[in-house]
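Written below as structure tokens is the structure these notes are about.
For clarity, chains are labelled A, B, C, D and E in written order, and residue numbers in each chain start from 1.
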Amino acid sequence: MDGFSYNKILFAALTIFFTINYGLILQGIIGKIYARVGRRIGIRLFQPYFNIIRQWATRSAISHGVMYYLGPVFRFTGGAGILIFTPLILDAPLFNSFTYAGDVVLVSYFIFLGTLGMALGGGEAGHPYSAIAVTRGLAQTAAFEISLMLAIYSIAVQYNTISITEIIRAQQGGVLNWTLFTNPIATAAAMLAFLGSMMRSPFDVVLAPQEIPVGPPTEYQSQFLAMLMTNRTIFPVAKTVLYVNLFFGGVALYDSYLLTFVVFFLKTFFVYLWSVFVGVSFPRFRVDQSIRFFIKWPLLIGVIAVVAANIRY
Amino acid sequence: MAKMNYKKRWADLEKRIVVSPEGEEFEVDPMQDYFCDAKPRVHPPNKIAPLEKFANWCRAESIYILGFGTGCGAIEMRPLSSAMYDAYRFGVNWRATPRQATVFVIGGYASVKTMKRIVRSYEQMQGPKFVLGLCSCTINGGMYWDSYNTVNRLDHYIPVDVYITGCMPRPEALLDAIDQLKKRIKSGRAEGQNKYAENFEWYKANQKKIIKNWDMPDYSW
Amino acid sequence: MVDPIYLIVIALATAFALGLFRKAPSLLPYGLTLAALAVMTVISGSWAYGILSGSLEGTDIFTAGFTPPVSINLYMGSLEAVLLLLVNLTALMTALVLRKEVKDTSVYMLMLLLVFVMGLNGVIMTRDLFNLFVFIEIVSIASAGLIALRSNLEQLGAGFKFVIAGALTSGFMLIGIIFTYYTTGSLNMDVIASQMSPALAATGYTGLFLIFIGMIMELKPFPVNGWGLDTYEASVPAVSALVAAGTTSAMFYAFLKTSYMSGGLFVQAAAVIGGMTFIGMNVLALQQDKSRRLLGYSSIAQIGLAVLAYALVALYRIENGEFIVFALILTHALAKALLFWLAGIVGKDSIHDWGVIKKKMILIAPFAVAVSALLGLPPFPSFFAKWDLVMGLAARGGMVWIILILSGSLLEAVYLMRWFGNAFKDSFNEEDTLDWRFGTVLPVFFNMTVLLALGYLSASQSSFSMGFNWILLGAVAVLMVLDFLPGIIKNLLLMGAIGYYGYGFVMAAESYRSVFAWIFALGALITLLPGFGVKGKRMGFYPSAALMFAGLIGLIEAVDFMGFFLSWEIMTLGSYFLILRGKDSKPHALSYMLFSLGGAYLLMTGFAMTYAGTGSIALGALVKAAIIPHSGIIFALLAVGFMTKMASAGLHIWLPGAHAEAETDVSPMVSGILLKAGVFGLLMTAISMGEQSIGPVSLPYVLSWVAVITALVANYMAAMQEDAKRLLAYSSIGQMGYALFGISLMSHLGWLSALVISIVHFIYKVTLFLAIGSVAKRTGTRNMYQMGGLITKMPFTFFSVLICIIALSGIPPLAGFSGKWIVYNAVLEKRWMLQGAVAGAAGIIAFLYLFRLIFAIFLGQLKDNHRKVKEAPFFLILPQALLLGLVMFFSFLPGSLLRPVGEILEEFTTAGALEWQGNMAISDYGYWNGVAVMWVFMALFAVFFLILTINGRRAQWIKQFNIVFAAERPARPETTHFSYNFFAPVRKALGFLEYPFTTNFWNRVSDFLHAVAGFCRRIYTGNGQTYLLQMVIFVVLSYMLTKGGF
Amino acid sequence: MEQIIENIKKQFTLSDVTTAHGTYITCEKKDTVSLLTYLKDVEGFKHLVLITAVDWIEDNKFQLTYLLNSPKLKTELGVRTFIERSVWPEESEMQSAHHLWPAAKTYQRELHEMFGIDFPGSPEINDPLILEWWDDIPPYRRDFDTKKYSEETYYPREGRSTNDPSDYMKDQLYPREGEKNA
Amino acid sequence: MTGTIALITGILLVLIGLWGILTNRDIIRMIVGFSLFDVGIHIIMLSIGYVAGGTAPIIENLSDIGKSYVDPVPQALVLTAIVIGLGITAFMLTYAVNMYEKKGTLEIDKFEELKW
């Protein structure tokens, strides 16, 4: 909880840079995993780098209007904001640049800035597919967010704080101190919500690549798409880090930097893998089906988590 | 006498009189008001050669194909994404919208009607964009060489980077063509977009010759 | 001073003198009659003035030089004088109105009129029982003659029924008089009253009872009053006016005299009959659509109320009883005469044809005054009377009667307000004419003036001191008088008045009041700005707005319940007139008024119970009320009352229509500002009374669930609307749900959130309503799917909507987030996580409708006919710009808002209060640095924008149809704009939320009442004989019930 | 099937019945629609498979074939009729059968566009179906020279030899007649 | 005794009158019923003031003082009541005539133009 100092700007930039690279590699790995499940060889590990550089290097571009132009900016601001408001690694100054600005409530609401930017940008493009996809996305978000909120309430009561740093700190000192083990019900509710937020199968009808081409950004191209792609590399990482922080003990700063990064990598990777695991195994839900799913089981688990936390703590 | 109403136009594209909420009447011309009618521009390569070379390398290694089946050859493209051929390992990916694709695979014969859509989709693609002509039909009309309704040579209408012969060519041929395209891109010769912009009038005249009811702006942005 | 006996003499002599004239009418007899009536008016007026000013005393007038019991004597006291003045004035006015009838009929009519007035004078003055009977008979014969003035079939039938019913009644009375004489040996009421003892009452019971029931039947009790209704309906409106105002007042006074004579023997019976009449007639009137018969129902109901009030005053020994009863009866007489005269002017019987009244817009004013006076709305005497009555009843344990009186009043509001709404909104046939003459119009406005003046006078007569600032109402009156000026000048005047008064007012307001004072004063100024853009006079708008703002200011300034309640009602009235101005707002304004009145009556009951429990009507008494018995019920009553204004779930159905249909600049007033009155009241209750419970049920806990369900369902409903303003209206309901949730948390942070939400909701809802209103104005539609792509045409409006939806949804860099963050902390502190989660879900559903709002209107495809739409007019943009500045200020410096408000609340509770370290707010659970978030956001945004601009500077700007559409191109904007049934998948999954539970419930209540009315009113078969039978049965039953057997 | 043909023959004059590759009956132009109605309503040929035409340029006739299917009998029946072949830009005429099968509308539009056979009364019959703004002889008429058209319009690449399609087809199909002519 | 008889007669007349009013649909008969009702009331009034063996309440000379005489007030009242009753009956008859002229009938249940 420090105040502002100028080196934090540098730290924040480095955080974003680090996460972009990490996100790209993660994308490569996930793509590879998807391919192996389909018995293919799959993309090269560095394929996402090619894609993103190619996209930034596009020569021509078109713009549908002011909001269309600003949409990706909003989107990226939202993604980068979450990243620098969330502690990536506990007590590491480099990865805690602006965590003093707010707690988990700030982060969970800041997510919507990106959503809004995307929705507005896609909307101004005037393409009906964008609007259809946005309605789907918002509807699904509204459905899964409630169980996430219940889970956050549950652990907030458990740890008596909503500061992410404090929550991580409370989980230190052994694997069994993780929320996963101290409050498994809340973790279950949150991890189901996580599936929805990652927009992977069975909840990927928002993007619906062939039916309403790639969802909200259907009209996006060139640098605009490049910015969105960059955001897409950091956004899942930011979300995953948030879940790791809240439910899997976060990442503490070990004596060895290497160990710290290995732990960071493993935790985020395996949390991410959970959505991939589900994604490759299940077919797609319709939107109304996924809403019904989310307001049934995850909600029930979330309510149990809150009630249990209320009784116990 | 022939009763056929051959020159019928789509009513939604005609000029129309509308009444504003204040009751004022004015004319809306969809072709003028709803479509951008700017001409395409030439986008020269980056003057810093190494940067351009690097960008070309990335462009070559990241090929986003427009998933748009224009003819019977399109069926040969599908196996590429299967485990058998797995084009993904060469950096190939499919996008469902021209806005985000870089390579347009013309899958076989192009009838006049299809040609109209091909032109439109091609113009809607961004960036350095590349065209693969699949099958003989794109080269000389193939078995439709004397058809009243199928174009004979594609490169009169849009610039083509690589042709693939055969009727049908196998997926391996397509993979090979992609390889050829990569080489072409890396060597900086695949400037089809600029060629199109430079020779825009010529291409347009050719297109308009066969597409008689030209009911769209000259360049579909 | 002129001897009052001359009242009778003059009338009689003139009547006889008229006999000398030819039958054919001429101006002379008419002039003579007018002169006689005028002289009588002057005589009674001078007496009234004399007695009320104290220069005269009540005197007995003895006829034939003897004293009672030998002679007949009359009495002239203060009450008599006032009633005489009322009767004679009404008669004079009626004579004026009847000018045309005089030409059509004969001179006999004038004679009848004079005899009638003479009879009424006698009824009022006489103290002799038999003399009373004689005068009653004279009145009844004369009125039977007047009723059949036009001798058409309806009048004849009604008149005959009237005559036979009167004969039967007088027969009973006569028997009663003679029995009484037999037991008491006197006919003088004062003498009998002085002799009255339980023993005498027992022996003379039958006689006294017959007199009582006879007088009651003259007052037409429910259900034996079919003949009375027929009379009101059939006769010439002017005559009905005289009957309603004169006869009923005189008869009621006679009833009082006889009741006084019998020593209050039948008070309980009177209470039951009065109550029954009040409720019964008001229920039955629901199905009535003939205006004059409706007035008849209303008259009888009002008299029932007066009887009830008298009986209750006597039963419970309520202070200031004379004022209560006479305020009711005077208000009724004046208002009812006014309405009957108005009916004469309009000349239409069905209430659906009254739209023609709009040919002379000015007639709306007396109509509104009369209806409000009848309903007991301030500032009319009946309001103070009802208030005193209810307070007195509560203090002495008459809760049942309070419920009865208030529910009856609510029922009355249903049909009167419906009628008023019809008249104000219905279209009319241009060929219809009004009977617009000096003689017809003068009385109407005269009575209106008298009512207003009496209202002012009666405020001081109420037994409760009243902390209401009359200056405010004076301003309203001035605006009403100046209504002929152009709108812009009136707007300047009103804004000047509010600015001038508001400055001192805001500075004077303390504690949390100051927050609301700021909202009300600032809101008034800002929402009045758009008025400059409206051309023309805008008749009626500025007085109504002034009335509403006067009420709002009065709320803040009120120090006691009465001032608070009065302001509350004034505010309701003003906002009702404002809402009614909307295009299709008729049904919505009605339901708004009814719900508001219902809520207000609950408040009144709650206040009354507080007064009963603490003996004080100061607002501070609420603090004491926290520990008295029934404090839970008081809390519940007040809470539900205020929640009606906040439109919580179950009580919300008035809001969407009312807010959506209102005019462009009225919607922000009623939505952005008016709703805060409910928040203010509830916050006051919560802060004063603390946590209350009924039995084991904790009320704040119940409130919290109501609040979050309100928020959830309202937000869902908002997402499902096609109408942009309805969407905003539902959004208001949802936001008020959050505020209610904050209040129900009963903690520092909870209240802080409620206040913050009130403030920011005021800002962005005013802006949004102005923005959307201007879009609706420019595009000529409110359906969102008919708009689209307006961002290029109305860029500023788009920008303000964008900022507002970001603020409203609580996305961090803007001000709305502070409310959300505080709610989170407050929820954790209270551990109401389930409610918190529902509220959170509601917040996310809010995204759905907010995105829909901005997308469907401003993004997507621009429609053909909107290609030449212009940006909103300057005076709609100016207030938006001011408010946006405020939003941005609060967003950059959240502490500037949170700190002072938090300090205000620390006065009440400090537990869990925010701690401030520089710009960082620290709660028990988390922390938040709004300034840092804002700067981070701006820095990131700037950097990324720069990157994008450097990279994409060559972008080609293209037009709306340049989209990728599966190699085709879109056909038309209408078919390409995806907006109709926008959230179809959500509806598929969560459609059950849309089931109109509340609407159905209230519809069923309404249907049930109307069905009851439709069924029960069949007792009025129209057959005179049946009526007689009913009367006989009524007499017998009453006798048995009062005596408990024969 | 024989029974059906017997039944038909009772009411209609059939000029030819062939069962070589499926059953085809040939009727007169004026009888065609009533025969189709009879087949649909009485004999149960509920399904119209297609309508097609053959250009007998030598006989100056168009042959129309209505291919019907009976789901009950699981069999198909072709009804042929010959109509007068007009010289372009005159159009031939035939009665419309769209009231029997809505699908006939599309086939008739196609025939109108490709052969210049008009079906008065058929919906949208005058609107273009496949070709956009065609301004030549209807392309399926055999007097339309498709190769010439293609060469003039579509920029052929060099290096192909070709024959005139009508002569070529004549040589292939009617070699003796061709010799006679020659 | 005389007074009681008069009282009972009066009450009986009142009841008969009421019965007549309530059971006859003809307006004229109803008016007749009213007359009976009225007369009954008048007799009741007289019987109330009746003093057994009393003389007329006219004091002509001093010797009359102390004699019992009937109460004069009810008699005075009855005179007024009779006048009023007459007036009302006349009024009713006027109505009856008018109603018959307008509608051609005297059945009371035909005059139901106004109801509910």
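Following the convention adopted for this analysis, a contact is a pair of C-beta atoms (placed from the backbone, for glycine too) under 8 Å apart; a residue touches a chain by one contact, two chains touch by 3 or more.
Computed from a predicted structure; not experimentally measured.
Enquirer: Chains still linked by touching once chain C is gone?
Expert: A, B, D | E, once chain C is excluded.
Enquirer: Counting one step per pair of touching chains, how far is chain B from chain A at the shortest?
Expert: 1
Enquirer: As a test of whether you follow the contact definition, which chain pair has the most C-beta contact pairs?
Expert: Ranked by C-beta contact count, first place goes to A-C.
Enquirer: Which chain has the mean of its C-alpha atoms lying nearest to the mean of all protein C-alpha atoms shown?
Expert: Smallest offset from the overall C-alpha mean is found for C.
Enquirer: Let me spell it out: compute each chain's centre from its C-alpha atoms, then which one is farthest from chain C's centre?
Expert: D
Enquirer: Whole-Å distance, chain C centre to chain D centre, using C-alpha means?
Expert: 81
Enquirer: How big is the gap, in whole Å, between where the Cα atoms of chain D centre and where those of chain E centre?
Expert: So the centroids are 110 Å from each other.
Enquirer: Need the CA-centroid distance for the pair chain A / chain C, whole Å please.
Expert: Averaging C-alpha atoms per chain gives centres 54 Å apart.
Enquirer: So, what's the distance in Å between the C-alpha centres of chain E and chain B?
Expert: 112
Enquirer: Which parts of chain A, given as residue numbers and ranges, touch two or more other chains?
Expert: 59-62, 213, 218-219, 222
Enquirer: Two-or-more-chain contact residues of chain E, please, as numbers and ranges.
Expert: Residues of chain E never touch two or more of the other chains.
Enquirer: Give me the residue numbers in chain C that touch at least two other chains, ranges are fine.
Expert: In chain C, the residues touching two or more other chains are 954, 956-958, 960-962, 964.
Enquirer: What's the complete list of touching chain pairs for this entry?
Expert: A-B, A-C, B-C, B-D, C-E
Enquirer: How about chain D: which of its residues touch chain B in the complex?
Expert: Residue list for chain D touching chain B: 88-91, 112-113, 116, 118, 125-128, 130-135, 139, 144, 146-147, 149-151, 153-157, 160, 162, 165.
Enquirer: So in the complex, which bits of chain B are touching chain D?
Expert: 1-8, 112-113, 139-141, 145-153, 156, 206, 209-213
Enquirer: Quick check: in the complex, which residue numbers of chain B touch chain C?
Expert: These residues of chain B touch chain C: 10, 12, 16, 18-22, 24, 26, 28, 30, 33-36, 38, 41, 43, 68, 97-99, 117-118, 120-121, 124, 216, 220-221.
Enquirer: What does chain B use to touch chain A in their complex?
Expert: Contact set of chain B toward chain A: 41, 43, 54-55, 58-59, 61-62, 64, 67, 82-83, 86, 88-89, 91, 93, 95-97, 99-100, 102, 126-128, 193, 221.
Enquirer: Touching chain A in the complex: which residues of chain C?
Expert: Per the touch definition, chain C meets chain A at residues 789, 791-792, 795, 802, 806, 809-813, 817, 820-821, 824-825, 827-828, 831, 833-834, 836-838, 840-841, 844-845, 847-848, 851, 854-855, 859-861, 918, 920, 925-929, 932-933, 936-937, 939-941, 944-945, 947-948, 951-952, 954-958, 960-965, 976-979, 982-986, 988-990.
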